[in-house]
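Order as written gives the chain letters A, B, C, D, E, F, G and H; numbering starts at 1 within each chain.
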């Protein structure tokens, strides 16, 4: 049975592509948020009409994006959440909280310098990975029992 | 019936006390994480034994704290999550995600400069407040129908 | 064990008071939305700040009211929804849909002229009453086995 | 993975056809209630036998229709509820309440003149659209990340 | 914490009184359906108005009774279902099915001659008792660890 | 999407075959208990070893059958429960109770002489049919909107 | 709000008393299985009648005990499972699995020599303690924020 | 519909292969943990980096394995748990507890000498088998109604 993986979080590097390419031979399906930053920010007003107030401009967009992200998380077996070097990334931590509450298997992908700040998030995860390659190796092992090397 | 409110997030200012004092006459019970920063960081090793590795030091503490925080969130009618000016505050966003997935009424308390970064979190909330006093007014209205002024 | 009853719907007549007075001697607790129409409409902006756009003015208020109404419905054993003669009353039907999906015992209180328009709502209910007195009689019977007359 | 969309509400205009045609190239499956008004009203007695009393005539029909509508809503990722110009449309609001309680992504399709009357329903939705075309654009964006224009 | 026990099924002998008296010194609360046969049969029409058709007469009553019985079963820790010598007693078996699906601890109280006919029901139970006294002994043991004799 | 129908209850007449043949052209899948009475009674001991005591002989069989029946009910969209003229049929009523508690659409198929004894079961159903043909007509209508005649 | 703690597992040493005495000043309620080994083994036949076959003797007792243990686990905020030096203790691990699946906060109390054999169980826990005193310290910290020493 | 079976527990004999071969002609899909003992023990550190402390070495591995085992159990219709002659096998009992709490149909496969020690686990199961062949016969009967011999 296909393993359903949702790739949440940082959208400024190619970590999703690395994981998807690395897992090319595996029975995995991937889902993710819209990673075009401008489209993601403006989708609400682009479709449903402009807002004078930036707060509601953002609200409209965030809610349209939520149609995709909640379905992605709810439908997943495994949720991978990537924290990068920049930005607040509160939406990533929010997705991790949703995934934890829904009983999803959570993998956090983050550099060691964030270990202390992410300790509550990591404590809800089944793995804390440092590289996309490690995420691929986990998916490979989970599906086939194969270990790297 | 007593309204159960969990106060999550920032632990460096007295916003919890402001809310609790403001709501003194109302039928509300409050719960919160341990807000002594040092105790919160070290509880795991203080009780269960030292760890050589800071990562596992943090893990032990975060998991002991989770006994309290998850019960607090799961038992609440309303979860208030405060985002302050400093730190990563990923645990606050994580708590908000849990609360949203569990169908709790979510109130976000945050300064306007975080509006854009918190747009996904705010979009899952039933109110975005700027001051502890506004949170008190919401609790008052929800319980009594009374409006300020 | 106290029977928890939520009284949803029409806020322009005294049907809630009739039920509460009629049930005075019974082990019932009642909850209801804020029934002050002006307060209910304006609570969002009165507490959280004015909105230029009426749509968001309404949104803010509806979401603050939702803190109360969802808790009321989720905490109830029995949800009574009253449909009156005037207005669209879509919030009443919305509450009935929530109550049905949550498995609450639903009682609809409505005049016969709405029977056809309410047939889908009535079909999810355990009783369709015409008068507040009948609702009291149902509560009395459910708690004590006593029948009127 | 195919996006499952349930189209609830008004059955007197061709808004469902507009959405289905607009979404023709997308990986979406659509479900809806029986939209033949006469069949929908009479299905209960046509199959299970006539009733002398119109109230039970309606009950029988509404319950047979509920077999279809509840399955449609429970199986959907996205529930679109359309409010038109005429009739009470309480079944539409009832469906919206069920969808909200079940955690479905809710899109309300309605003309601006109903904004105030629908404020509680809209407050539970992730989008309020004015035209079928906007609904199509949301589905397109949610599935492909593509924005109109 | 008080053990909540719902006593379902046969209403023609005094088995409920025997259990309640036997458990007099224990921290148990009891709930049960309305056991006045005539009231139970006629409650719907007595409150909500007569029906020409016996089928709907019965429907109205059964639905009013369901307000009480579903709450009793859903709120119980232990559901005791008694099958007697007479009548179809399908409502007893229906209650047992609800209790089993809701994960309640189920005790069946029945004479040996029904063993084969009740085998599917018994297979979902945690105890099959022959006498009210045995039910009391189970409740006593569950609460205090005390065994008879 | 294929409508999943579970056919529970009486196993001595060919009502299941009538429904399956009548629904031949529809997108329906059917499931049912094992209807070979002797196999159903003896499956436990035939596979897992003889029992000296008939009570445990029955228990073993009922539990093996439960693997099939619970899966059938839990996986169904619609549960049809047939009550016939003979036997206690408590397992049929038990299945109906499980189906109701799990929120399945319930159709009861029974002769009019059982109306009063089945009133609590019928009150949880969305349709009470008298003939297998009516069940087929309901399935046809639910899937296609087509009415008989 | 009282913290509800269920103390599962080994019944041959006084670890439960140590925890209850250590937590004497805290707002905690404790529940546990029947710890009288003989009573626990024989409760089924002592109440419901002797069995010729030891397998069914054990089954009857285990099911009567399950009325108590499942309620204890389902009602708990925190489940502590103690593994001792002797016996198979599969019921302890079974309770831990139930607690984990129900989302309870799990604390495992076990000597270091069982670390490897308990790794899957420990991995689902929020704390692995070595002494009853550590469990008391966790409960104290969770309720009051107080650390030992 | 394919019956999904998860084979949990003992990994040192070929019981899984016997079941899979015996069920070759049936509509069953099988899932299981990684049964390569060394890989299962070391997967965490092999992928995510070495640990100085064996406790955390084990934790990392157990959590990576949990991604596979929890999905396997949650996705199964039937969970078979095999207890063998050696080792503590607490993970097997833990899996059985999870399966029971999740409402899965549980089959325990164990030699008679473990009957007393497994009585609580067996009491939650729908069958206690002694041989892999019996498990195959159960699956065959559940799917086809066919009995052995």
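The working rule: contacts are C-beta pairs under 8 Å (C-beta built on N, C-alpha and C of every residue); 3 or more make two chains touch, one makes a residue touch a chain.
Here the structure is a predicted model, which is why all the values come from computation and not from measurement.
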Among D-E, A-D or B-H, the pair whose interface repeats that of B-C, with over half of its contact pairs matching by residue number, is A-D
Pair sharing more residue contacts (C-beta pairs) when A-D is set against B-H: A-D
Most remote chain w.r.t. Chain G, using mean C-alpha positions, is D
In whole angstrom, the CA-centroid distance of chain E from chain H equals 37
What whole-Å value do you get for the distance between chain A and chain B if each is reduced to the mean of its CA atoms? 23
Averaging over Cα atoms per chain, report the distance between chain C and chain E in Å. 31
Chain D touches at least 2 other chains through residues 63, 66
Residue positions on chain A within touch of chain B in the complex are 54-55, 58-59, 61-63, 65-66, 69, 83, 87-102, 114-124
Which stretch or stretches of chain C touch chain A in the complex? 51-53, 56
Taking the complex as given, what residues does chain B use to touch chain G? 29, 31, 34-36, 39, 42-44, 46-49, 60, 63-64, 66-68, 70-71, 75
Spell out the part of chain B that touches chain C in their complex, as residue ranges. 1, 3, 77-78, 105, 107, 126-130, 134, 137-138, 141-143, 145, 147-149
